[in-house]
Structures are given as C-alpha cells and as structure tokens.
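Below, chain A partners chain B and then partners chain C, in two separate complexes.
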Partner chain A sequence: MATSSGHTLKAFDDDLDRLRALISEMGGLAEHAIREAMRCLQQRDVEGAAKIVENDAKLDALEVETERRAVQLIALRAPMAGDLRDVVAALKISGVVERIGDYAKNIAKRVPLLETMGNIEPLSLLPEMARIATEMVHDVLTAFVERDADAALRVMERDHAVDDFYDSIFRTLLTHMMEDPQSIGQSAHLLFIAKNIERAGDHATNIAEMVYYAATGQHMTEAQTGKKP
Partner chain B sequence: MATSSGHTLKAFDDDLDRLRALISEMGGLAEHAIREAMRCLQQRDVEGAAKIVENDAKLDALEVETERRAVQLIALRAPMAGDLRDVVAALKISGVVERIGDYAKNIAKRVPLLETMGNIEPLSLLPEMARIATEMVHDVLTAFVERDADAALRVMERDHAVDDFYDSIFRTLLTHMMEDPQSIGQSAHLLFIAKNIERAGDHATNIAEMVYYAATGQHMTEAQTGKKP
Partner chain C sequence: MTLMNEIHAPVPADIDEPPADANRAPKMSARDVSVFYGDKQALNGVSIDIRDDRVTAFIGPSGCGKSTFLRCLNRMNDTIPSARVTGKISLDGQDIYHSNMDVVQLRARVGMVFQKPNPFPKSIYDNVAYGPKIHGLASSKGEMDGIVEKSLKRAGLWDEVKDRLSESGTALSGGQQQRLCIARAIAVDPEVILMDEPCSALDPIATAKIEELIHELRGRYAIAIVTHNMQQAARVSQRTAFFHLGEMVEYGKTSEIFTNPRERRTQDYITGRYG
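Let's turn to the complex of A and B:
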C-alpha cells in the first residue's frame, strides 16, 4: 500500500513509468500499422498487408501486459487520487490503442480485395487523412506521458479536419460509384477504410478526454470536447 | 483489504453483486437501444431515433459508475485470483457494452437520412440480424452474472450466423446499388448500419472471452473462439 515514505512512492512512480512506456510502445505500433496499411493500400502490397494483420497480435499481447501491470499496481500499492486516475487511464488507454490497431488490421484485410483497383482520387486522399489521425494518436499519447492537459485539448481540435476529410471522401466515393457502377464493390471497401480512419481519429479524442481527466481530475466541458450534438 | 473473515468476504460479494447488477442494467439498455434503432429504421421514425441518441448518455453515465465502483473495490478490498478477475472483467465489459450502445446510436443517427427510402430487401434482413446480435449480448451478460463459461462458449458459436447475415446483406446492397444508382447514398448508409450490427455481434464474442477467462482463469483456445485466421 502507498505510504508517505519516499521509497514506496518511488516504487510506485517506477511502476507507473513502466506502464506509460508500455503505452508509448503500443502507440508506436498502432501508428506504424496505420501508416503501413496506407502504403500497402496505395501500392496494392498484399504481402505487406498480411504482415500487418499478423503483427496485430503484438498489440493484443501488450494490452494484456498493460492490464496485468495496472491491476497489480492498484491492488498492491492502492494509489489514491491523481495516482489512481493515472493508472486507470493507462488501463483504459491501452484498450483504445489496441482498437486503433484493429482498424489498421481491418484496413489491411481489405487490401487483397482492392488489388486490381485503378488510381481513383480517394486513394490519394486517404493517406493524408490517415496522416492527421496518426499524428493525433501520437500527440495524445505524448500528452499522456507528459500529463499535459493542454496538449490533450489541442489534439481534440484536429478531429474536425479528419471528419471533414471523411465527409469529402464519402461524397467522392458515392459519386464514383454512380459514374462507374462496376467499381461499386471496391468503392464500398474504400468507404469502410475511410470510416476506420475516421474512427481512429475519434479514438484519439477519446484518449484526449481520458488524459485531460487523469491530469486535472476534471472532465472536459462540452465546449472543450467540441462534440457535435 | 479482504481477509478470511466471513463479514469482509460478504461485503466483497455484495459489492461484486452490485457491479454485476450495473452491468445487467447497461446490457438491458444497450439491447433495447439496438432493437429500438431497428424499429425506427423500419418505420422511418425520426423522432424515436433522436430519443435513442439522447438516451445514450445514460449508458455513458453507467459506465463511469461501474468504473468508479470497480476501481474502489480493487483499491479497498484488494481481491485476489478469481475475485480480481471478476472485477477486472466487470470493468472491461462495461466499456464494451457502452460501445454496443454507441452502435445503436450510430444507427439511429442515420435514420433521418433514410426517411424517404423505399422498402428494399435488406431493410427486412437487418432487424433479423440485429435480433441474433442482441440475443448474443443478452446471453453473454447472463453468462457473466452466472459465471457460466459454457454459456459464454455457446454465445461465440452464434457469431457465424451474424457474419453470414452481414455477408448476405453486403452483397444484396451492392447489387441494389448497381441496379439503382440513385439509391447509392442510402444504400451506403445501410452498409454502415449492417457493419454496426456485425460489430455488436463481435463485441458479444469479445465479452464471451472475458467471461470465460473470469470464470475459469484460462483463455479460450483458438479452436474455441472459432476465429477466422
């Protein structure tokens, strides 16, 4: 149990740092998976895509490890207030990062279905959209490691750019489907890919809310989340 | 901290029962939200759909409450082994049920966009698919409350039926889009609705894995999860 002795607190801090390091590692893998999924999509790299699907097991294993350590930390050191918020945030964030990895995997699974597709416009927009989303993921996890509530708020603001990209790609794909009905199947897969990236951006904002709460003990106001009603 | 005294153990059991009751309550709301979303979709009930979106806040609040109680339980009573697994399962399951509620909300948000749509075939298939998915959610939460690992396994088996429905609806919608390009926008929304229901079924199987682990201390084997590679 945590006491006021410096030694025990240091042990807690070390444990917490290890938790944060695990989450940074997960974040790095998830970002890489999304960027790599975009490369495979653009280059129709079916083998590369299969590797993304395979590598997702690493993220799953790291989530299990994070959960194990977080629960152990709570049970053994009984952290209070801000410390407890940090550990619970770590537990929840690892679950969200794992899901972001799942989106990369879902995108990768569609690459073989798109192998014969021509270079239509959304194919060049998607990686740009994904770039913003992965930057959001990267920056919000840095904000978590640095307990930086302001940085978390700044991440939220960028989700509008991802949403705008999504709306634009959605419309472009529908137009493409109408003009070229033969492409409808492949365009439908691209719709889902765009949706997966949009969801990754949403998850970055979910993490931002968790980071803000962990760092401040306050939930973001509705004005701060900027959520559409 | 838990000791071998009957009183303290009873206090822990009572706390755990309250956690389970909270999750049953969340499950009931999520199931109702999906069924109601299907009704609103079929009857183009835009007002009813708005109510589903509004009511989702209740699920969010219950998730926060479950988390608060679970963390308190771990910190104050330091449960071990099976007890700890149960509490952590409750913490995670509440997060998954909240996401199932989000799918219902996402479906409801599309109802106004489909107000003018004709009665195409997928509209009658979707509620049937949703019926299986919500039954899975219901049964897996019952398995959690009753710590019934076998019942959790039986829930997994039904996910294939949901997946088959999804594949069939996906193909039907693509055909419909090709035959009637004017319907492409609305059909795209139906594609996402079908995907949301398919994801709800997936989440029921995720919960089944958690229930199995909480009840037995063993992870399901790959043969048991029946996951496609």
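Let's turn to the complex of A and C:
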C-alpha cells in the first residue's frame, strides 16, 4: 500500500531515501560490471577484466554500508508497516545485488583464460542474454525505489527469455565440445559464464518478489512467480 | 513422522497467538456504540469484541475517541453530565447500560487503571483491601490478608512491599504505585481490566514491569489497554484497534496491523505520517 505523504519527522524520510539511494548505487555498479564483463569477453580485454575484479570491493563496501544503515534505522526509527517492509527488503536486496556483482567478477576472471579463443557461436549469444539479465536487474531496482509492484511482476516474466538463452547456449556448447574435444576447456568456461548470467536473472526475480512484498504486504502467488509447485 | 513431513508441517500462523477457543463467547461486546458530549459526537458506531484470552490495544491520535470508548466499557462516562451513549455494550451477554445494571457492581467486574497512578492516601494494605471491604468479599481479617497478599503477588509487587504494608501507598515510587493500583483493581476479582495509558507516567524499567505484568495477567482477565506508545501496543497486545476522528478505522491481529495494515489511515498513523 502506498503512503500518502512524508513522515512528520523529516529525518526519517531522509534515512529511507538514503537507503534507497544506496541500493540504486549498488544496482548501477552491478549492472555496469556485467556489461563490462561482456565487453571484455568479446574484445578479449584482459586489463579491463582485471579492473572489474578490483572494483567488486566497492560493491562489498556498499553492502556493508547498507546493512549498517538499515540496522541503525531499525534501532533509531522503529519503522512500521510499509516502512519496515522497505527496510527489510533493502537489507535483503543489498545481499543479492552483491552476489550479482560476484557473478560479474567470476565472468571477468575467466576472460584471461579465454584470450586465445576463436569466435564461436555462443559468444554471440552471451551479450544479448546478458543484456536482458542486466535490464532485469536495472528495472527491478527501479521498481524497488518507486515501490512499483506491477513493474516487479513484469520483471518476473522476462526471466523465461534468459532461461531459454541458457538452454540454447548449453546445447550449442555441448555439441561444440563433442565435435571438438580440444575446445572443452574453453567451452566449459563459456558454460559457466552463461550459468552466471542465468543466475543473475534468477536473482533479479528474487528481488522482484521482495519488491512486491515490500510494496503490497502480500507475497506473490505461485502463478505470479511462475514456479512449478 | 518422516523428515519430509516435519519440514512441511504447517507453521503456526501466529506465534504470539494462543489457539482460539471458537466456542468461547467474547467477555465484552460492543455494537454500534456512539458517544455524544452535548451536541458533539465523540464516537461513531464502534463495534468490537473484548476477549479474555487476549489483550486488546486501542491506538490513535489524541481526540480520536479511544479513551472515550474505553470509559464506556465500565460506564465511567456516566460521571460526565453532558455525555450520552447509544448502541449496546454487553458483559457476558448482559447489557451494561440496562436500567437494572448496578454500576458499582459493574465497576467491580470491569476494573480500571488510570494514566497517573492514584493510590489512596492510605497504607499499602488499605489500598488493596478497600475494594474487597466495600464489596464484602472477606469475612475475616485472615481472609482479607489472603486477598491482599494474592493481589499484590499477582501485581508483582509483593516482594517489594511485604515488610512495609502499613506504610503509605503514596510513598512508593511511580512504577510501584501503578502496580499498587493494578493490585487494587485485581483485589475485587474483576473479569475485565481496562488500562488507560498505564505507563505514560513511568520510566522504561517500570514500564517493562507493567508490560510483563499485563503479559502474566492475560488469560486470567480480559484486558483492554489504551496507549499512545505504539511499540507498547505492539509488545503487549494480540489484537489492535486503530481509532481516528471518533471512528474505529481498523481492527485486527496486532502482528498484521503493524506489518501490513489494510487501511491507508492506519498505515499513515503507525508509520508516523500524520498531519
């Protein structure tokens, strides 16, 4: 349920805004990390990849900062109802976004190992798959900041596309490995990269569930999450 | 039971909620209760049940009617000449505003604890013994001693005052005075205890003791508490009613009111967005 106006105590609003801003900042970094990892992979940019690994520490620090602020807000402001759900969501989301950052880092770490790789087909599919996953992360965090339950639901729907990409890449890489055993090492790395992107998309849907609960006070139904019982 | 069954065993819906006895009628029940002070309507059509197996909290901004409603439950509004109460309030099914209702008896059955501790300027013993004495509840000194001791024990005050029962009640600390007032209310063996901001004049430790006491007394008495302190309502009650401008806007499980209220006005109030 939306609330009508700001708190009587303005500092409370400032605290909540700051928490939301931190989540946005984390989301921006995670998105950028995945996009950069894709670029580095395509252009075999080993130096750029090293930078992604290095920059992950920023995301970790922001997660710590988010937790610190959320705990402080609970202790000092005793948030209730929608505010409480927001703070708990922020606490959980920061952990998930940090994890998404780790996937980007994991992809980046594989770039030097693939430096000599030829242009195989899955390589052209991965950036498109990553584009959808990063858009999901972007849109779901926007939904959180704007407390938009409908936008969160729309993010859920897009996860199927990411999963389809993953299945397709999986099959292609398997064929590739069977045809050319020399490529098994590289193909395995690409498979892990695809899996990392698939996980990032999954995490975006987890965040969507959190956003939906924070905004409405209701948990998504099984039909909405698209999970098979 | 297999491991899978254990994992999928239903989780109790509300940890803090005693299993409800569906067959048990509510101790008190109010239907469409309105209160007028002269021409001014202070309360508008409130309907609610007060049960003896849970604590009911009334919250809302000043002037919302929560204290007015609480005072209807033992006809304390009778003392205000211009006040008029319509609707029906029953105690065990009996209309408390019926002409044959003995108001003194009613107030023995529905006791009240006020915002400011108000012990009589008498000894601790006499404060507790006063009610039982006027209601003729004890036939001997020994019996009265028993009532005083039991009441002070239930109010969690006995150990602190047992060696100085003849000292004045007003010499106690604020928190002790409030527990003395609760002992005084308990002494006549009421069925319902109404508390009107019982902790607003107390420090946090005395407040915690009263809250613990409310927890202990739950189940023995039907308890209704008016509080401005929402955290307190959240801590001590199982049901919460939110009042605003003379209306009861929302009533429900305390855990739900404070995590996911249905009404915008409730949400705005409990999150601190009023005004």
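Basically, the second predicted complex is superposed on the first by the 218 of 229 C-alpha atoms of A that agree within 3 Å, B and C clash if a C-alpha of one lies under 4 Å from a C-alpha of the other, contacts with A are read in each partner's own complex, and residues count from 1 in each chain.
What we mean here is this: a contact is a pair of C-beta atoms (placed from the backbone, for glycine too) under 8 Å apart; a residue touches a chain by one contact, two chains touch by 3 or more.
Everything numeric here is computed off the predicted structure, so don't read it as measured data.
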Message = In this superposition, which partner touches a larger number of chain A residues, chain B or chain C?
response = B
Message = Quick check for you: in the superposed arrangement, does A:9 touch first (chain B), second (chain C), both or neither?
response = second
Ask   = What is the contact status of A:92 with respect to chain B (first) and chain C (second): first, second, both, or neither?
value = first
Query = Of the partners chain B and chain C, which touch A:217 in the superposed model: first, second, both, neither?
reply = second
Message = Between chain B and chain C, whom does A:192 touch in the aligned arrangement: first, second, both, or neither?
response = first
Ask   = So, does A:82 touch the first partner chain B, the second partner chain C, both, or neither?
value = second
Query = Which chain A residues contact chain B in one complex and chain C in the other?
reply = 78-80, 84
Inquiry  = Which residues of chain B touch chain A once you look at their complex with the stated criterion?
reply    = 67, 71, 74-76, 78-80, 84, 88, 91-92, 95, 170, 173-174, 177-178, 181, 184-185, 188, 191-192, 195
Inquiry  = Going by the contact rule set out above, which residues of chain C touch chain A in the complex?
reply    = 230-231, 258-262, 264, 266-268, 270-275
Remark   = In their shared complex, chain C is touched by residues of chain A numbered 1-9, 12, 78-85, 217-218
